[in-house]
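These notes are about the structure you will find just below.
Chains here go by letter, A, B, C and D, matching the order in which they are written, and residues are numbered from 1 within each.
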Amino acid sequence: MQEAIISRAKQLLADGTVNRVIGWKRGEFAYDITPAIFESPEEIDADFVYDDFTSANVSKYLVKESRKEGKILAFLKTCDTYSLNQLTKEHRVDRDNIYVVGIPSDGKLDVEKIKAKGITGITGVERNGDILTVKTIYGDETMSVADAMSNKCLSCKSKKHVTYDELIGEDGEVTDTNRFDMVEKLENMTSQERYDFWRNELSKCIRCNACRNVCPACTCENCVFNNPDSGVENKAAADSFEENMFHIIRAFHVAGRCTDCGECSRVCPQNIPLHLLNRKFIKDINSLYGEYQAGADTTSKAPLNNYTFDDCEASIVHERGVE
Amino acid sequence: MQVNDNKEFQPLIVAFCCNWCSYAGADLSGTNRLNYPTNVKIIRVPCSCRVNPIFILRAFQRGADGVILCGCHPGDCHYTSGNYFTRRRMTLLFSMLDFLGIERDRTRVEWVSAAEGAKFAATMNEFTEAVKKLGPNRRLEDLRCRKQ
Amino acid sequence: MQKIGVFVCHCGTNIAATVDVKAVAEALSHESGVVISQDYQYMCSEAGQNLIKDAIRENGLTGVVVCSCSPRMHENTFRKAAAAAGLNPYLVEIANIREQCSWIHKDIATATEKAIILGRAAIAKVQLNTPLTAGESPVAKRALVIGGGIAGIQTALDIAEAGFEVDIVEKEATIGGKMAQIDKTFPTLDCAACILTPKMVEASQNEKITIHSYSEVSAVKGFIGNFTATIKKKRRFVDETKCTGCGACTEVCPMQKVPNAFNLGLNNRGAVYIPFAQAVPKVATIDPNYCLKLRKGDVNEKVCGKCAEACTAGAINYHQQDEYIEQKYGAIVVATGYNPIKLDKFDEFAYNQCADVVTSLELERLMNAAGPNGGTLLRPSDKTHPHKIVFVQCVGSRCDDSKGKPYCSKICCMYTAKHAMLIREKYPDTEVYVFYIDVRTPGKNFDEFYRRAVEQYNVHYIKGMVGKVTPKSDGKIDVQASDLLSNEQLHIDADMVVLATAIEPDKTARPLATMLTTQMDTNDFFTEAHAKLRPVESATAGIFLSGACQGPKDIPETVAQASAAASKAIGLLVKDSITCNPCVAHSNELMCNGCSACEKVCPYGAITYQDKEFRTPYRTTVMRRVASVNPAVCQGCGACTVACPSGAMDLNGFSNSQIMAEVDAICK
Amino acid sequence: MLKISIEKLNGLFKAVAEKQTLYIPADRADGASEYKKYEDGMTLSKNLNTLRSAKDFFFPQTENLADFKVEGKKIEVIDIREEAEDFVVFGVRACDARSFTILDKVFLSEPVDSYYKNRREHGTIVTMACAKPAETCFCGTFGIDPTEPEGDVSCWSDGDSIFFRPNNEKGQKFVDSVSELLEDGDTAKLDETKAQTKEIMAKLPLANLSTEAFGGDTLMEHFKSEKWAELSESCLGCGTCTFVCPTCQCYDIKDFNTGHGIKRFRCWDSCMYSDFTKMAHGNIRNSQLERFRQRFMHKLVYFPSNNNGEFGCVGCGRCLSKCPISMNIVKVMKALEVK
């Protein structure tokens, strides 16, 4: 796949369709891959990589890049196309300035999961079918690919690209996943259990803003949490309340806009399952206002900017589930 | 201090009321001398849709034990559609607070028209009682703001 | 540095009785920014306003907080006072310590504490108030009158007289309302029809007045000067423009067993009908619940159709559909009137069991020359002449349980005296008894009228309530009552019993009130803006009240209020524009993402976008899509402010920081 | 050397915890480890290092500095400082141990940060030598020997026992307090372990990373480098690298109005944030390029130039594994050293 992508990138640069390419650049180890912009075939040949660890969603970079001179080529995985569509819908990117090549992904690996197995000194990774061989300075280790699979890919919602100018490989279908299982499990807990669960998780938060800054829906010119005039500026969680406040409001601000790309949880240095907050909103929206997938199109009205006369009342929250 | 310890817990309730219906409804319960507890403090907003979830969280942060949002009945919004947006926003927000383990009975939305002075008073009585039962808000408070 | 003045009103004892106003003024004087804190008997009085004006001038105040009644009551008064003293009127905030404090609480200590907190919240808010300047919005030169009874007709005539277009919307097939059903009027005993029908005709002939009969108001949007109402013209299956009102159709209709609503079901009419001879508009209406053809469901089937055959004008249209009209209005007058209550809960009066127990309004029809018996008073059951009639007062009025109404219906004492007198005059052989709790006759010539009934016409007035009415097998009615003055139990063998039934607002009033966002009391009477000083206006600007929809009234009072409402509406309509609300949304372009969320929730289409060039550091520029709000179109609901994730959208007068400051002050 | 067998280690923890608060690295449900207050039954994590460094105990993410009591129009300043309680942080790695040298230079030089100093005086750092370094480790680059950790007490494990060596008076006091649990032990096996670790160190992928191209006198050359644009273009501007870093020491001071008073607190800040160094006139570093450059220039050039060649990095590798987009100091050093 990497070869096909590289050769297409070079063609599109050569024929002048685009003047730069956004993709991924290899790092020091097998897994530390950085999104990067390539301007020449030489740079591409030297550093362009597309493999099991290229999980970063590059669509958010297009907010800035698509406002620059000339067209940019973006290689987007299925989940990334939802993000781009949503950004297009909200006028945050200039879609005309982007040439999208949809690329397939059969799931990305998460090095944290490999490390969590106690594997250290990683120098290389080989994927053979379902088996993953991890080369380390302490010798080779094997584990199943599924165990090393990134959480966001384990609950992949769609193999279908929702926007592209061309595709490399076959396009897939929207998949039926179990992505709400954990939300449901939490819903079935008692209020105290849920409180304890989230207190344990959110108390880990170091307010590094990685979740916000990586989020393709969080593209505000000036985030309320950065703005001293907003009254809710919050640089550090000086109290558990501020941890809650930041995550509730952030989730609320992206409710109905979050495409469930899973980047927030992927980048959290404290491994807080932040995507569950977003999924809770998605699940509620789906069940209360009808199925809605943010980013699936560029025209539909977002659920929170919409209503019907017979929407349920807020008291529905009191009426369902365990106490 | 001893006296305070024996006193019944008095919750602080913040009520956001839309100017056209609910605030007028609250006025009407005053005009009709319909009692409700002093625990309830009303903040006037033009429309229930003016209420940002941030305001609600902020009230809890600062020591509120319950927050109630009152607006015109669906279909009667002075601005035609404001309360429909409110309804969705608050449904989702309250559901999220519930998801985080915040007691459900601390938040409420009630539609009170300008003619429903009695309903306003009854709602405030009920809500205050419900919050009283829950005791002080501890799950969504900011310890720094707790009164000594 | 802020210099805030706090003014605490006693409102006589309205506030001062439960709130220690001196303590409030004292406590608030210590709040940061407060330079003067005073209390006064009546802040809204001229002296009170002068106190504020002087304080503004002398202390160079930058903000004013008045702790008083609801801002819905006097916010404008105090804003004007501030403006007169050179302070921007929007630097005034009201702490509502009357409706929302002193009137609902009894304990002085807690009420005072709450008043202080409400004052603090207002001080916290006013610190963040900014001077605002109001724009202007045009006034649509047309009034809508809802209800076509004597109140609505009088209001419409007066407004039309002043030169403005008026639309009357009447839900029945004709205007005229209750007055058209009444026989004679007290205390002059002149014929109701003789004074009403000329007004109906006048209304129909006035060029400025459009009558939408058999119609309803189905939606109202907008605000003072700029309402848009949707009027639903219900299908009457008769083309109003073609129908001449000849009545040929009503004669040929084979379905003649329809209870005649105009005669309160005391006789029958056809499925196609004209309510009464002087109906306006004099147009037939087909009742689809009874019409043999329309009841079928499929009008194309060959059933009946006799009326269409009889109609030479070709006005019958079985295919007619409801029609919706949208119209802009500057003012709306509500004149929805009243109805007698249902007597289902009053079994003791046997109203449902015995045809000879009737309501007073039914008696009006029974005695009316155009009524079911041509004006001869006969028992509905056997059409015989009644020799003994018992009147029962306060049926459902002044009721202390939920069966009836807590209020006095006001008109019953007088019309019963009228009925008694008319019967004794026309049928001297008929004995008339009136059971009453009190006889209430305040009004010009009213007590004289009642005394005539007692003294001149020998009507038996008995203070006491009727306990039970029992129809007997011989057709007589046993009325069991107590005479409170002689302390005797009485049994009267009556031929007829007439119930002075309580009146209540029309059922359409409540949905209408919610549509108009006007206030109603617990009995569904519309609430006036001020019980004494603004009795014909609702608290919602641009909506006026006429007649019994605001409270029980007799005809002269109704007409007086109708004209008063008309003059208020005219006062509004003569203006070319009214000052608009400057509390509108605005977008901070530096923070705007251009995402369109605000536009999607704006009900007025007040938000537009443009690409704008912004300077960025290092002498570069960037084009960004940003929102802007049209302040003339924005109505200030604030929906956009919450839809905006970055907080670029904010609302004048109710800004994020102002509301949060209030929250903080309350939760302090 | 004094030692305790590994089986008895929990007994030692218990004894320490009875007298003062003890923090040890413990495993979390997600496989990562973090310092936790020792409680009975807790076991020492086998992970190489904790997610957050021991810096947090001396320079916490948020810290109250002073209170202001507001009554009406009067404001009263309340000094809330009080003597800290004694505490022990156990299991600090050599890299993190070195971070205190750097932090001390910042906080203990005039004007002394009394809050930091207070905690430093009352906290005992017990370090633990590394046996199994990770691919992200590059402490050697900064002259740190993971087999010879600094701290108040240094510890080693030979697989069977933990060896203790006090390095100063505070360390001696710690060892004395548990001396009845310790016994004299032979270090033959330990020396072997150390030698093995040193061998591994030489084989680490970043073993050859050098600071040669950096230091005070390279300032203008690096500042003007054209490579910053490319290096910084993917930076998200989050604070992850800063907040997991054991040596980052920037903070912001803010006032929080509690409704009945003001709390003045400080909290970590990140030079990667867009409002860092924002002042009344605006911001002196407006682009992410400048902010990004600032962070690495500070660690590699400015700090050594002001501190006798001491670099502002200890090579713990946290930022290498935690950066959401895997941009880090190693990539910066490698890019800049190429002329």
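Throughout what follows, a residue touches a chain if its C-beta (ideal position, glycine included) is under 8 Å from a C-beta of that chain, and two chains touch if they have at least 3 such contacts.
This is a predicted model, so every value here is computed, not measured.
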Notebook entry, point to check: Which chain pair racks up the highest number of C-beta contacts?
Noted result: B-C
Next item on the list: Considering only mean CA positions as chain centres, point out the chain farthest from chain A.
Entry: C
Checklist line | CA centroid of chain A to CA centroid of chain B, Å | finding: 36
Item checked: Inter-centroid spacing, chain D versus chain A (mean Cα positions, whole Å) -> 30
Item checked: Inter-chain centre distance, chain C versus chain D - centres from mean C-alpha coordinates, in Å -> 73
Note to self: Just the number, please: Cα centre separation of chain A and chain C in whole Å.
What the structure shows: 56
Next item on the list: Indicate the residues of chain D shared as contacts by at least two other chains.
Entry: 256, 259-260, 263
Checklist line | Residues within chain C bordering two or more other chains | finding: 601, 643, 656, 660, 664, 667-668
Next item on the list: Send over the residues of chain A in touch with two or more other chains.
Entry: 224, 231, 238, 304-306
Item checked: List of chain D residues in touch with chain C within their complex -> 70, 72-73, 257, 259-260, 283, 286-287
Item checked: Contact footprint of chain C on chain A as seen in their complex -> 67, 90-92, 219-224, 227, 229-231, 253-254, 301-302, 304-306
Note to self: For the complex, give me every residue of chain C touching chain A.
What the structure shows: 590-597, 600-601, 609, 622-625, 643, 645-648, 656-657, 660
Next item on the list: State the interface residues of chain A toward chain D in the complex, per the touch definition above.
Entry: 27-29, 31-37, 56, 61, 111-112, 115-118, 120-123, 136-138, 206-210, 212-214, 226, 235-238, 263, 266-267, 269-271
Next item on the list: Under the touch definition given earlier, write down the residues of chain D that touch chain B in their complex.
Entry: 256, 258-260, 263
